[in-house]
Amino acid sequence: MERVEQEVATERRSQEDRRTRGDRRKPEHREVSLESYDREELHGMLSAMLLSRRFEEKCAESYQMGRIGGFCHLYIGQEAVAVGGIHALREDDYVFTAYRDHAQAIVRGIEPRAVMAELYGRVDGCSKGAGGSMHMFGRDVNFMGGHGIVGTHLPLAAGVGYAIRYRGGDQVVLCYFGDSVVNGGPFHEAFNMVAKWNLPVVYVVENNSYGMGTDIDRVAAVDHLVTRACAYEGMHAERIDGQDVLAMHDAVSEAVARARGENGRPTFIEAITYRYLGHSMSDAAHGTYRTKEEVQAERQNDPIATFSDQLMEADLLTREEYDEMNQAAIDATEDAAEFAENSPHPDVTVTYDNVYADEFPGLGRRDAWR
Amino acid sequence: MATRVVMAQLSPTMEEGKLVEWKVKEGDEVSQGDVLAEVETDKANMDIEAMSGGTVRALLASQGDVVEVGALIGVLGDPNEDISAIVEQAGRASKDGGDPEASGTSEEDGAGDESAATPEAESDAEPEAETAEPEAKTAEAPEARQSEESGAEASEARKASSGRVKVSPLARRIAEDAGIDVARIPGSGPGGRVVKSDVEAAIASGGPAPEAAPADEARAPARATVSALRPARLEEERVELSQMRKTIAKRLVQSIGPVPHFFLTMEIDMGRALDLRKSLNERLARRDDGPAKVGVNDLLVKVAAEALARHPEINASWDGDAIQRHGSADIGIAVAVPDGLITPVLREADRKGLVQISAEAADLIERARNRKLKPEDYTGATFSISNLGMFGIDEFTAIINPPEAAILAVGGTVEKPVVEDGEIVVRRRMRVTMSCDHRVIDGAMGAAFLQTFRAMLENPLELVS
Amino acid sequence: MAVITYREALNRALREEMQRDGDVFLIGEEVGEYDGAYKVSKDLLDEFGEWRVRDMPIAENGFAGMGIGAAMAGLRPIVEFMTWNFALLAYDAIVNSAAKIRYMSGGQFSIPIVFRGPGGAALQLSAQHSQVPDPWYANIPGLKVCAPATPADAMGLLKSAIRDDDPVVFIEGELLYNVKGEVPDEEHVVPIGKADVKREGADVTLVCHSKMVKVCTDAAEKLAEEYEVEAEVVDLRTIRPLDVDTIVDSVKKTNRAVVVQEGWPYSGIGAQVVDDIQREAFDFLDAPIARVSSLDVPMHYARPIEKHILPSADAVVSAAKHVCYLD
């Protein structure tokens, strides 16, 4: 009895810790001058964040209406991490992420229509309906997926980095992943190789504090995830506020420049961020492993609101312009949903498409009774 | 922007929810995450939360209503925006109704559930003219294989009543092609399984003898009759006559009518003849130029020829005003073929050795089965032999093929108890019945022929001397 | 024609393909400075340099994934596993990424990668180092799996595997590396998915691959000498896709089959071959199909037990006699 009480007491204490953890979590502020950006760039970033937000909200609705099936992991709250990072890239750079990939896909340049159609499982989806929410791919924009197994895309990103070096190119790879990845094997194996051979990869951990339902502090043997990189000499590492889109953009721009070319070096960025909804559509936003107060508190720091306020204060954005951008995002989202709704379901004749690239004698030879 | 509040699918199995209580009223200002309503689902009472902030503009369901998953129950938005379009859509949707599993008929019907189930083309009511039928899709799918003719065999096997016959698929097929009842062939495989070598031996011997396989193998247990293997089904059916059947009918009517038949039956001990055949085959097997094995029928043909040579009055034909005795024994061998019976002729059997007769007979039989016989192959016999022993027949009477004077009907060789020197012993016995044309052959003549025939079979060494 | 070893044949294939196509490169443990744990990559580092022949840390999951990423970017990597036992650590990368990315992306990305290394038992290497990986990979749509038995086949198939745009699992054998055989002097490419009749016969079909081919040809000699049974030996060479036509043609001729494989019986490659034969050649079978496989136990260390566990020519002879009804 005493043991149980002790455990309960410990649990409650850690819950309180979480509520006041804000200070512990908060990274150093990175001063970024607005003057180093032109108005178009700034508006571009805000528009991209608005589009992500509206799109993900629409996904929530569509999922509840049964249009989207399976797992659906929404990015609401983390937009600055995707936008700040990807807007620092060149067109010929590469992007990898895990399964919370809708925003990165759209920000990188896959048409919202194609992403929504993919979510709906229709033939006009960017992966032809074969992948679904977790497997967005866009070869034309070097969007390399969309990967479902935690952490296993980090070596893939290293491989693209290897190919770049092999060919003497100067592109870079931007690879996003969640906080829990840092405790697993593939993270370490990838970091070791990338650091050893100076592969042009920028790894960004989107630390939203929770690996599904588990607070990262309960299972990681480090306080700050960025510390993990110290084991890999030659890898630059820093911790930034992922809710600050300009800080994100600045840090990734530096990292990308650091990685480019034959003397390039890799970087590990820990971006502190937060998701406002549950891990997926099957997970509650609060009430199980997160308190309502914590979520509300984080919402005060909404990256879109913060950024638009900042721009308006600096006279770089008017209310009308904001409303126009927001409406454009709504329109694009509604258009995407309508497009997806009207796109046909794939026919069973596509079942064997793309299993192989090259000849495969006897494909489906043993399949019968359909 | 206006946000739809829908009856959310709060558990994977939920199809409808009961609105227990609204926690807000129209005009209230809410933030994302605020609870809008309490809903009773199939599992528990749960909350519906606002997915984004705004003013509650409309509550479209009443407390206590049971609403389908996906249906619109409220609208959030700016205080002054026009939400009439959304509300109208909802109105139409609730009129159309239908359960979530029904195919979505229009965009307004938010109750579609297609993405949850496998999207079958048929269930999607949107016009997809290019969709082929499921059967066609199966056909287009690369190399999908379906069940083959083995299904027919499987059903036959299932219908076997007592005493199931064990046969390898290959043996069964060979036996069927040869028109042999597999149930009568003793099996040398495990559990009495009939295998290819057993069937081939049966074919070569012209019928299943109890030792079609090496004689020291365990005897196969008694088997059920052949009918057990056939599907039991009678049907009214008018079968057109093949040329063969017409010919058989015409000729044999011509025979049985004018020809005065009488019948002589004799039982013959086959022990020594079969032993001779067995040792002969062993010797043949060791030869490099390997002629095929000698069968029982070949033996009968040879013996008949030799007997005819000693009884020329049997090897004759009624010629109207004379009896024509023939200068050679040309033996007709009756062969069952798929739609009837044909009798190719083994010429000058009295002048040919057993091995040569065996080879020629095998060739004739194969050509007969493949319908490759020419007229000169099946006309001009002087005596015929018909063997139904392989079909389980003990004895029968055959109809003479005109203008021959006789035909020998051979039954199966079976083991039976006989009395020898006052003791009961087991011997292998075969019964033959000779049909004779009384215009040419008298009873005593026919009997004498049969005695010679029997003597030669029972003392086969005399054949080689 | 030259007579070279299986290992030399692989070396030659690697060299020729790396010369032919600058996108082909090799990674793995010890492949560079050590010349390869089994010397398969001898002298390649000297010829091609360290970007094209790179020694890896002992991190199979990591470097298999790295290879797959490089393939996504358009290179043609060859990933060597020192043995297929260690590749289990990379099983997720092979199955969830290499085999599936093309399908999941709607055809946008291909993974032209070869994973190669020795599989199966060697001599007294015990349970963890003697495993047969064949069925673990043959089961997976999206992969191709090859397992050549002779130097000529090894050379020709490795070339095909490297040129193939799909991920290929290439299973060699420690005990095969020293086997000698004739290889053509000119370029020799063996197509993926074609079996090869190594010995013709009319009485019984022996289906086998990799190390079992010699076991079967030895058994065939015994069967001919002692029982006058002429066995036809069908070497699968590729186990996914299986060349069902060649197998079935042989069984239609002989009417009886013995399927021989190293590795455990449950869901082994032999099980699949039996299924294909019974489905497509049912009416030609005069006996049930017999299987010879390793015994259903982990590999024991002691020499006589290991020998007992592995399939032998005598075991194949017994099975062949049984299906010929000679026992």
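For clarity, chains are labelled A, B and C in written order, and residue numbers in each chain start from 1.
Heads up, the rule we're going with is that contacts are C-beta pairs under 8 Å (C-beta built on N, C-alpha and C of every residue); 3 or more make two chains touch, one makes a residue touch a chain.
No experiment lies behind these values; they were computed from the predicted model shown.
Undergrad: Give the chain pair, either A-C or B-C, that is connected by more C-beta contacts.
TA: A-C
Undergrad: From the centre of chain B, which other chain's Cα mean sits the farthest off?
TA: It is A.
Undergrad: Of the chains present, which has its C-alpha mean closest to the combined C-alpha mean?
TA: C
Undergrad: From the C-alpha centre of chain A to that of chain B, how far is it in Å?
TA: 62
Undergrad: Please work out the Cα centroid separation of chain A and chain C, and write it as a whole number of Å.
TA: 41
Undergrad: Which chain B residues reach two or more other chains?
TA: Residues 145 of chain B each touch two or more of the other chains.
Undergrad: Show the residues in chain A shared as contacts by 2 or more other chains, in ascending order.
TA: Within chain A, residues 362-363, 365-366 contact more than one other chain.
Undergrad: If you look at chain C, which of its residues touch at least two other chains?
TA: 279
Undergrad: For a test of understanding, state which residues of chain B touch chain C in their complex under the given definition.
TA: Contact set of chain B toward chain C: 145, 148-150, 168-171, 173, 188-189, 195-197.
Undergrad: Quick one: in the complex, what on chain C touches chain A?
TA: Per the touch definition, chain C meets chain A at residues 25, 51-52, 56-57, 59, 61-75, 77, 92-93, 96-97, 101-110, 112, 141-142, 144, 164-166, 193, 241-244, 275-276, 279.
Undergrad: Considering only the defined contacts, which chain A positions touch chain C in the complex?
TA: Contacts found on chain A: 94, 125-131, 135, 137-139, 144-149, 152-166, 185-186, 188-190, 192-193, 196, 353-363, 365-366.
Undergrad: What residues of chain A sit close enough to touch chain B in their complex?
TA: Per the touch definition, chain A meets chain B at residues 54, 57, 60-61, 64-69, 120-121, 276, 282, 285-286, 292, 295-296, 299, 326-327, 330, 338, 341-342, 344-349, 351-352, 362-370.
Undergrad: Which residues of chain B touch chain A in their complex?
TA: It comes out as residues 1, 3-4, 6, 8-9, 12, 31-33, 49, 51-52, 69-70, 100, 107, 110-116, 119, 121, 124, 126, 128, 130-132, 134, 137-138, 140-147.
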